[in-house]
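Naming follows writing order (A, B, C, D and E), and every chain is counted from residue 1.
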Amino acid sequence: MNNRSEVLIPKVGVITDIRIDTPDVKTFRVVTPDGKKAFDHMPGQCAMLSIPAVGEAMFSITSSPTNTEYMEFSIKKCGCVTEWLHQAQVGQQITIRGPYGKPFPVKEVFEGKDLLFVAGGIGLAPLRSVINYCRHYRDKYGKIDIVYGSRSKEDLVDYAEIITEWMEEDGINVHLTIDREQECWDGHVGFVPNYVKELNFDTNKTVIICGPPIMIKFTLEGLMSLGYDKTQVYTTMELRMKCGVGKCGRCNIGSKYVCKDGPVFRCDELELLPSEY
Amino acid sequence: MQKITCESLIEKACELIENGTVSRVIGWKKGEFDYDLTPAVFANADEIKKNFIYNDFSGANFSKYLIKETRKGEGKVLVFLKPCDTYSFNQLLTEHRFDREKVYAVGIPCEGMADIAKVKAAVGDGILKITSEGDELIVENLYGDVNKVKLADVLAERCVNCKSKKHTAYDELMGEDGEILDNNRFDEVEKLENMTEDERFAFWQNELSRCIRCNACRDVCPACTCEKCVFDNPKSGVENKAIADSFEEKMFHIIRAFHVAGRCTDCGECSRVCPQNIPLHLLNRKFIKDINTFYGEYQAGEVEGSRAPLVNYTEEDIEPNDAVKREE
Amino acid sequence: MRKCSLNSLNAVFEKLANDSALYMPVDGDKGADYKKWEMGDELSSALNTNRSAKDFFFPQTENLMEFKVSGKEIEVIDTRDEKEDFVVFGVRACDAKSFDILDTVFLSEPCDSYYANRREHATIVTLACTRPSETCFCNVFGIDATKPTGDVTCWKTADDMYFEANNEKGKAFIEKIADLTEECDSKAVEEQQAKTKEILKKLPLADLKTEKFGKDKTAEFFDAPEWRELSTSCLGCGTCTYVCPTCQCYDIKDYDTGHGVIRFRCWDSCMYSEFTKMAHGNNRLSQLERFRQRFMHKLVYYPTNNDGVFGCVGCGRCLAKCPISMNIVKVMKALGGNDGE
Amino acid sequence: MQRIGVFVCWCGSNIAGTVDVEKVSEALKNEPGVVFSTNYQYMCSQAGQDIIKDAIAEHKLTGIVVCSCSPRMHEATFRKTAAAAGLNSYMVEIANIREQCSWVHKDMQSGTEKAIILGKAAVAKVNLNAPLTPGESPVTKRALVIGGGIAGIQTALDIAEAGFPVDIVEKKPTIGGKMAQLDKTFPTLDCAACILTPKMVDVAQNDKIRIFSYSEVEEIGGFVGNFTVKIKKKARYVKEDVCTGCGICTEKCPQKKVPNEFNMGMDNRRAVYIPFAQAVPKVATIDPNYCTMLKTGKCGVCAKVCTAGAIDYTQKDEIIEEKYGAIVAATGFNPISMDKFDEFAYNQSKDVITSLEFERLTNAAGPTAGKLLRPSDGKHPHTIVFVQCVGSRCDACAEKGKEYCSKICCMYTAKHAMLTRDKYPDTDVYVFYIDVRTPGKAFDEFYRRAVEEYGVHYIKGMVGKVSPEGDKLMVRASDLLANKQLNIAADLVVLAAAIEPDKSARPLATMLTASMDTNDFFTEAHPKLRPVESPTAGVFLSGTCQGPKDIPETVSQASAAAAKVIGLLAKDKLMGNPCVAQSNELMCNGCSSCERVCPYGAITYADKEFRMPDRTVAIRRVAMVNEAVCQGCGACTVACPSGAMDLKGFATSQIIAEVDAICK
Amino acid sequence: MQINNEFKPKIVAFCCNWCSYAGADLAGNNRLAYPECVNIIRVPCSCRVNPIFILRAFQRGADGVIICGCHPGDCHYTSGNYYTRRRMALLFSMLNYLGIEKERIRLEWVSAAEGAKFAATMNEFTEAVTALGENKRLEDLRCKK
């Protein structure tokens, strides 16, 4: 029987590092017990993490595929699995299976283009994989703009990397914003959709967006008003995924299964789906 | 007693909706066949005239729909209640599950409803048409046969053992009210009680092992109206979706029966809807019988506001160890 | 085509049962259900079993794997084992067709090894219908009740049982019982088929229209106003889902036994209020949405992804079993304009 | 998940003798959530508590499990320890591996296994504990003392002395209780009345003390600090505030044939009466069972003779409702009935009497004005037999009598014997005993004086039968030391009847929700360490209602109870028990089941607007718990079908976790 | 019935904090032995015992469950044990109706003063459950080792 492969049977993963990003987001580094990456993936793909007796949950892989040593997951506390992970300690084993879903078309579409990443809150997690992938193959991509907003400075995920690496790199413009005025913050204050409009980007960019639904909705409207077309905008919907293999019957929006047809969608494709999200 | 006609109900419903007494009517809607009526909410007289139906298969108990329906919008809801339905109605009122002010209840007499499974068992499958004539049903089938069957022979189990023809609640009564009946509804329970422990175990093991945990019994039960059922709640300690072990069959049905003990109106819906034909009413009836024996006659829903036996006590109650027959 | 007399059918069953497990519908006091055949059991003449035949391949619950947890360490234990061959006898045309539908889900990439394992080891022996019920509407989906698919097709006449292999697996099956059967012509079968077809035409649901549904019709029906009324009395139970031969939604759950963790798969129903509840929220909050999902899936989504093939086989179980008699036929009529024409 | 520390106590060898504590702490190390596990000789010692405190700090513990003695013993100790280390005190769970493990099991291996299981259950529970904060409630600064005997009197005086108002409820027309009936008191032989009556007067004159005499407690509601009590003041048909206690009515009343209960029925009183001369309040009472006026409407003599106009035949029972912060039970005792002791001929002969009757016979205010005369013929008895342990120290299976020792009989019998010999040296006095128990200050000396100086015949042995023969009582007994049968022709036989709690104690205990033992004595919160408190908060025990006691013991317990009451009333606010029910409004059906089973009326309902799961908005009736009133029994949690009701500290999930851990 | 001498049952005892739990402590104080297989879960009152807990115990491998509370009339909370009595009467009857051995489940009133009764009850109950053997009718096979 062991000659039949079975995707539902996970591998064991070890948490080798836990970074506290924000009050409710931690980033976990995961490798197999022999210290390798559990599997290869592409930016935007997800992995199913689970803790026996607690449950399974799908997370986008935050680290770039170009990182050959480990995977990272930025995880916000919001359910039983995430709560459990948040109290876990280094050395804890979990199980992992994947990769799942269609990745961002980093080669097919993004190559050679100017990219605009728009993220809100934990929405940066799936985009970080793409951003770092593009940074790795820097010469294949045009100008990169990143608009990232959060409730407060403390809620900006992975602030250290943004400051020390992204902001320092040529050809990458990082535009940070927080929702409300705050001491020790001299950056922009305001909501992401407005900031995107204010920044008045050229319409030649390909946009990758992820964040709360309301942010996506208004940012899209903002982009449209700047003259963007929905075919230029990509987003990811991995939150709806459950089994990851297109069979359990939950994640579909109309006839599209997020776990197989997505989670990455071009916004005009979403337009065709019924309004069930 | 004059059998109530579909026409008279339609007339009554139209009258009440047209004169503004009610804004909606919960009633039975015509199905594909003569027996597959669906509970429906009618919002105007035209719909009622077109689709409202009342016949020998109007068994569904509407009481539970009142919870959802009275939470919606303005106006009163008209509900037709057979005598047994009024028990559930009363029980829900006792438990404050809906706003009485938002309901207009019309009591209708009932001579018993037919069970399509029994009809099919009597005259075979492939039924095209069922009409009622006197105390008989005339059944035409695909193969050109016309069979007659006495309604009395195909009554639903709960109607065979009808506990009451008396309406315990209504705003208006159509026809005459009946009496609480002597009945033999505990006979089957007794039969089981008289078996040996091993026989009883074998009986229930066989019955409950067929359970597919579709939750139909729970979802139709007018006593199971929890905002969130313990079986859906991961924190309850009994949550489960499917029966992965024969223990869970028992767990589900024991706990469900226990939760409705003293609240069950013996409306029989659980057994009616069970796709696996498990005689679930025998569990609930056991509790009713025990309650009657241990704590005095009590039928949930007979009197609005009555204190259920499990939230009551006397200093002389039976000891649990003695509640179980010690001989055998 | 081969046949044996009904008198010697038991001998056939005995032979088969000696070889591998043999399952067939057997009458119980509460209707027919599949049962492992033992001497003395008789093949039910009932049209359909209470539960559908999907249980053989997609059981209500099945253990997927186990975990041993000690301290921070986890061990994953693959508990799968290769199944043994088995025969399912007496599958009706509708249920036989349902296997095709389940196959598209479970055998498509990534293939579900649990399902595939069972499927490969099963020989499906179907049985043609002769006395359909008023709730039958398989013809609507292009299923021929008089010639069901499967590895072997059988016809039962007044005196004989006829067998015809449909593929290699079927041939092997026929081979196995060759001693007990004799070669024959198909005259009796054809006669029976013709007779049954006459009855099928008279079925009250025979002219149910499907044309309006199917591939890429999402936009037409998704926001149809009829959903509200159709779903209003739905109790949200799982009866239709669980008796349905094609419903395959599942949930994966863990059970901590106190000395290990079993990860198991169980049926789930898209009608359940908690079905799509996940950490971030619930995708389908109202019964309307859940009700719509089930029927849209059968009538539109599934066809969209599978070349127009419907996700319903017309077995009629949900018509018979729904506590409130709401069903796919009523939905199709209400949405498809069949109603009141 | 928590970060749990496990602390296994050896309790010297109490635990470590049967449980391998090392193994236990080692085994619990691998339980989920446990980050630290150790064992120590005495966890409750200062050093042991320091280990806990240090571990909390060092390992950032969020919960602790102490495997030690019963939580009834040291739960509070370890909660304080945790609190001192900055951990919420309700993050502590105790695994009872002493009383419920090491002390009841003999085998080391299985005892250790069980200790590990109990530890695992506690760990599983603490994993689901949540920090709890007790609520506060105000304290009504008034105490109620139920019973006006010496115990009640002393308690009331001490509480009043501390400045708090006290009410005494006494069911008899006067306070004073049993002590008022006694003649002399051992071992000093003071006159009981001489030392009691001044205290009674103190009570009457203390403006902090109210006496509800001839009254009974009807209903008790509320909880510690906030009791509401209904007191029934029975109609005495005499206006208390008008009656001067002159006693004319008690002399003029024509109904003379009322058995006088104060004199144990050995003489009669009138229908209107003052129990004894020093009664407090000194007010007449009309006995409605005998008063001709009340029974037939014809008479009215007392009203005519009463110059104060205090008689009021129309008086009705009155219900007084009062709030109290603390309640003291001082319901006292009675001698048991002698009905079942036919062998002593109590019912056949008037000359077989109980010791309390003997007290009245020798009391100057008694029926014989203090002369020792036989009740049957009024003659002076020359041979008196005292029988000890009548109904005390009986076999558990015997259908009569009590298993316990009544404690006071040995001493009062010695007193009776001595006084008899002192006053009537011509009398032969025999005392039959099983054992003579004299463990008290100057008690044994007292007893020895009776034997040695006064020549009382102490005979170890039981009296088998007393049979009246002519004017003699033939006493058949065995002398165990001499190993011979004795036949004594006695003139008087005095039975040292066992004492039992007053019959009013049980209904009172029910009202107080206080527990009682099988003999109807009130149970103390701890038999050694909290002997004057009932397990029910705010209820205290004074005197013989808790167990047999002599006067000095009673008085000291009475003062101790008073001290506890004063301590309670001195507080302005009480910290409540945070382990109370909580209602999850999202799951509540509003069905009222919980309300109906709540013994405290702690549940109320409100209509609230909810966003339903299907996005609609609905108004639903939901239950709410009054945390100050809820006592945390959990009845509601089971009555609730949806599981919306849960109990903090004993949550469904916690108990299930314990079950799982135990059954694993 | 064949009595397996090797069989050691697993027994869960739900004890009221105010009476039987204290009774168990008293049994301990007096060194009154009872079998190790009895494991006590402390509850504030017997009325806290949900039938779910009892079934859960059987599911998880208990062979017997005993509920101990204050004697009727002695409830620390006045009426808790009266409700327990009704609930358990119905539950026991139902379990018996389903063919579950009635000796597996019991309710006893044990006061704080009845240490001896506690020990005796536990000894007797353990004996009765041991005689019945392993719990087969309310077992969950997954939880068996």
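Quick note on the criterion: contacts are C-beta pairs under 8 Å (C-beta built on N, C-alpha and C of every residue); 3 or more make two chains touch, one makes a residue touch a chain.
What you see is a predicted model, and the numbers here were worked out from it, not measured in a lab.
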item: Clusters that remain linked by touching, chain D excluded; value: one piece
item: Number of hops, chain A to chain C, where each hop joins two touching chains; value: 1
item: Most remote chain, CA-based centroid, reference being chain A; value: D
item: Central chain of the complex, centres being mean CA coordinates; value: E
item: Selected pair, greater C-beta contact count between D-E and B-C; value: D-E
item: Between chain A and chain B, centroid-to-centroid distance (C-alpha), Å; value: 51
item: Inter-chain centre distance, chain C versus chain E - centres from mean C-alpha coordinates, in Å; value: 46
item: Overlap residues in chain B, where contacts from two or more other chains coincide; value: 230, 236-237, 244, 310-312
item: Multi-partner residues of chain E (at least 2 other chains); value: 51-53, 56, 60-61, 73, 79, 83, 87, 140, 142-143
item: Residues of chain D engaged with two or more neighbouring chains; value: 597, 616, 639, 652, 656, 660, 663-664
item: Residues of chain D defined as touching chain C within the complex; value: 30, 613-616, 660, 663-664
item: Parts of chain E lying in touch with chain C, wherever the complex brings them together; value: 60-61, 140, 142-143, 145
item: Footprint of chain D on chain B - complex, ascending; value: 71-72, 94-97, 225-230, 233, 235-237, 259-260, 263, 307-308, 310-312
item: Chain B - residues contacting chain E, complex; value: 189, 192-193, 197-205, 230, 236-238, 244-248, 250-251, 254-255, 257-258, 261, 283, 286-287, 290-291, 294-295, 309-315, 317-321, 323-326
item: Chain C-touching residues of chain B, taken from the complex the two chains share; value: 31-33, 36-41, 60, 65, 125-128, 141-143, 210, 212-216, 218-220, 232, 241-244, 269, 272-273, 275-278
